[in-house]
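Given below, in the form of structure tokens, are the structures.
You will see two complexes here that share chain A, one where it goes with chain B and one where it goes with chain C.
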Partner chain A sequence: MISLYMAGNSWAHKLPARVKLIFLFVLSLLIIPFNTLWFSAALLVFVVALYATLGRQGLEKVKVVRPLLWMMGIIFLVHVFLGDIEQGIIAVLRLLAMVLLANFISITTHMEALMDAVEPLFRPLRVFGMSPRRISLAVALVIRFVPVLLAVYASLQEAYKARTAHANSWRLLAPFALHAIKMTDHVAEALTARGGADGFDRDKK
Partner chain B sequence: MNDTSKTINFDHVSIERSGLTIISDLSVALPDQRVGIIGRNGSGKSTLVRSLNGLLPVSAGSLLVHGVSAEEGAKKLARVTGFVFQNPDHQLIFPTALEELSFGLRQIGVGKADAKVQSLALLRDHGIEQLGERPVHELSEGQKQLICILAVLIMEPKLLVLDEPFSSLDLRTRVALRRKLEKLDQQILFVSHELDALSDYDKVLWIEDGKLKQFGVPADVLADYQAHELSGVDLHFEGVARA
Partner chain C sequence: MSSDRSLVQIAFYAALIAALGLVPRIELGLAGGIPITAQSLGVMLAGMMLGPVRGGLAVALLLFLVALGLPFLAGGRGGIGVFYGATAGYLAGYFVGAIVVGAIMKAMRNMNVVFGAVVSGVIGGIVVVHALGVPVLAYKAGMTMEKAIMVGSLPFLPGDLIKVALAAVVAHTIARGLPSAMLSRN
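Showing the complex of A and B:
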């Protein structure tokens, strides 16, 4: 299961979302000049230590990178082919550290707080007639519906397996897409029923 | 005459959906606190109730919902009519229950901090404060549907429409949720296939082929519906029963 928000009251939960995002931003810039093995390794240890401060349940969440490991493997192999094993290790350590750090913010920050923190960044888009509230709502919807879509895919797999004994097939992609599109209709309806993306108060102004 | 501020009034209403007339020339006044809506799949129940909050526009006739006319626009209708859908996974927009409830309040202009306090208070009133911070995808179906209902109620609608909201729930959860609904001050319109759930209601509305078939007290309407629907049921899939 995708690990998203983890209920809790830790120091990390209390930290303002904006502070966390800025921290992530600064660190992701810092790794560019500090292109050394020990820095990357220290960074990863530091990030895992952050998880550890949330307790055993927090440390469990480190597993979120598991599905990415094969990709890390390919990146490492590419570097080996290019004859630079050290750079390969650095690249993998960095990626792991950054993914884990970003995930750390996801699990300790309310969606709403994250939206409010990011919304000002979208303000320039007003020039093109796009409302920042809509974009941040879209971000929230993506995060909310990842587990829902995964469940839809799992139910398709089940139906397919029941009749073919195979768990997976490219044939499931089209019905999955159709389910997803159908679902967007329902979600749009539910959102409209509660005042739509812009809410009720805006109408009065 | 009935007090129009607490009544739903359909006056020769027709409703179209993708170019087809689904509801045609329907007139009925619903001043009762608890109204059930029954009818076959495809009879137009969902279409009818979707006009109440402006999800579908009225194509002919006039509709008045608790003093708000359909002509005043979909948003005005949506403000007086709370709507609970069949599948909670389509209605829950936010990753946690607390955010889901706060969203409704912020939609009607409540500030962020107040919204959180009020949302927590409502969860506490229903004894589910502990669910507030849990990711919604980890909740049971019944818990999800309760959150959906509370997320609508927190916006203080005058009318609550429920479109087969309990169809995937077990008996115990259904009864528990129904008891919660019984206590509400709002007028309730409940679209359902569970006929026994409507027997305590004030009135039942039976829709067939987009028209009002019968409207009256549950004892009469439910009995007539059952008798009508079960006659010739063996021929159902041949299409005869539908004709």
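Showing the complex of A and C:
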């Protein structure tokens, strides 16, 4: 699977993930009272400038907001109908700025670094018997499962196409679920056979 | 054994929700070709099959991966940015929704599967998700609640109802074909 991460060696890549996350969190709280057009525009310019410091390749990453544009359009139109164009522009500018700023972290921080940065948040879960190790395993499993599931669905789709000439149908969902659940049973068995989610802990045995 | 199984199942349903968001839209002929992304279908299924605890954990795991930057939301969206977007409330709604779906399914485990799936799907999968999603949309986009309901809730209701029906069909098939997989009823 393609992560949003962009390999590189810029100043933003070198900054610790925790610093970036805290900066995002603090900034998101700080901007709340400043609800003017100029401030929102300046914020967006500032965020786009951050992308620009990564070079042309970085600036191109601004495109990640494209899937959000239709929603921004609707939000803007609603404000136009309410007769407050300025509020509409402010709302869209701020959303764009904050989404881009947050994505800036995803683009400049490797997934593992991000996981290490949030790991302390999971420590309280130890009380419920969830080790950070199990969480990493679950994360790895999801990333591996997604393409497998898509392949299972594609093969069902192909068979369906051969039978009916239609490419897709809701009828495929139930067999898809059955197939996929059977698969998880095998994975669970294989995991147990290899020593379980916690592995063979040499310190314990 | 059983804890390995839970872990794999949680990861599996998280992946299923992601995969359903990436699957090309399923066009429903019977509903006049309304295109629906199946992501919230996955959320309902996670709650219906796994029950409240594991269902909620599956959604939480998916959201964690999304925050880490994986493009696992419908349309290939991902990154911490989505939690600052106007639809962030729906994501919280997915989490609480899966828990509610699972809890209702569990409470109704001695009743008909399809009936339980429809009740839990409507309450957890639609009412809860919209109840959390719409106020955040209204706040983030600076709209009134009425406007937010008009844009963020009503247009999706027909599709959501279809998804509840589909989830009920899948739940029915699994309850018959692979009853051990219906953890919410065991």
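Some observations on this one:
Convention: the second predicted complex is superposed on the first by the 119 of 205 C-alpha atoms of A that agree within 3 Å, B and C clash if a C-alpha of one lies under 4 Å from a C-alpha of the other, contacts with A are read in each partner's own complex, and residues count from 1 in each chain.
The rule is short, and it goes like this: a contact is a pair of C-beta atoms (placed from the backbone, for glycine too) under 8 Å apart; a residue touches a chain by one contact, two chains touch by 3 or more.
The structure displayed is predicted, hence computed values, not measured ones.
With both structures placed on the common chain, the touch criterion links A:7 to chain B but leaves chain C unconnected. Shared-chain residue A:31: touches no atom of chain B or chain C. In the superposition on chain A, A:143 makes contact with both chain B and chain C. In the superposed model, A:187 makes contact with both chain B and chain C. By the touch criterion stated above, A:111 is placed in contact with chain B and with chain C alike. Within the superposed three-chain model, A:98 lies in touch with chain C and out of touch with chain B [touch as defined at top]. Touching more residues of chain A than its counterpart among chain B and chain C is C.
After overlaying the two complexes on the shared chain, residue contacts for A:67 are found with chain C alone; chain B is out of touch.
Put simply, chain A uses residues 4-5, 111, 137, 141, 143, 148, 183, 187, 191-192, 196 to touch chain B in one complex and chain C in the other.
Of all the residues in chain A, the ones that touch chain B in their complex are 4-5, 7-8, 110-112, 116, 137, 140-141, 143-144, 147-148, 151, 183, 186-187, 189-196, 199-201, 203.
Against chain A, the residues of chain C that register as touching in their complex are 1, 3-5, 7-12, 14-16, 18-19, 22-24, 26-28, 41, 45, 49, 61-62, 64-65, 68-72, 75-87, 140-144, 147, 151, 166, 169-170, 172-174, 177-178, 181. Those residues of chain A lying in contact with chain C across their complex are 1-5, 21, 24, 28, 64-65, 67-68, 71, 74-75, 78-79, 82, 87-88, 90-91, 95, 98-103, 105-107, 109, 111, 114-115, 129, 134, 137-139, 141-143, 145-146, 148-150, 153, 168-170, 173-175, 177-178, 180-185, 187-188, 191-192, 196-197.
Interface residues of chain B, counted against chain A in their complex, comprise 53-55, 74-75, 78-79, 82-83, 85, 87, 89-96, 98-99, 102-104, 106-109, 112, 133-137, 151-152, 155.
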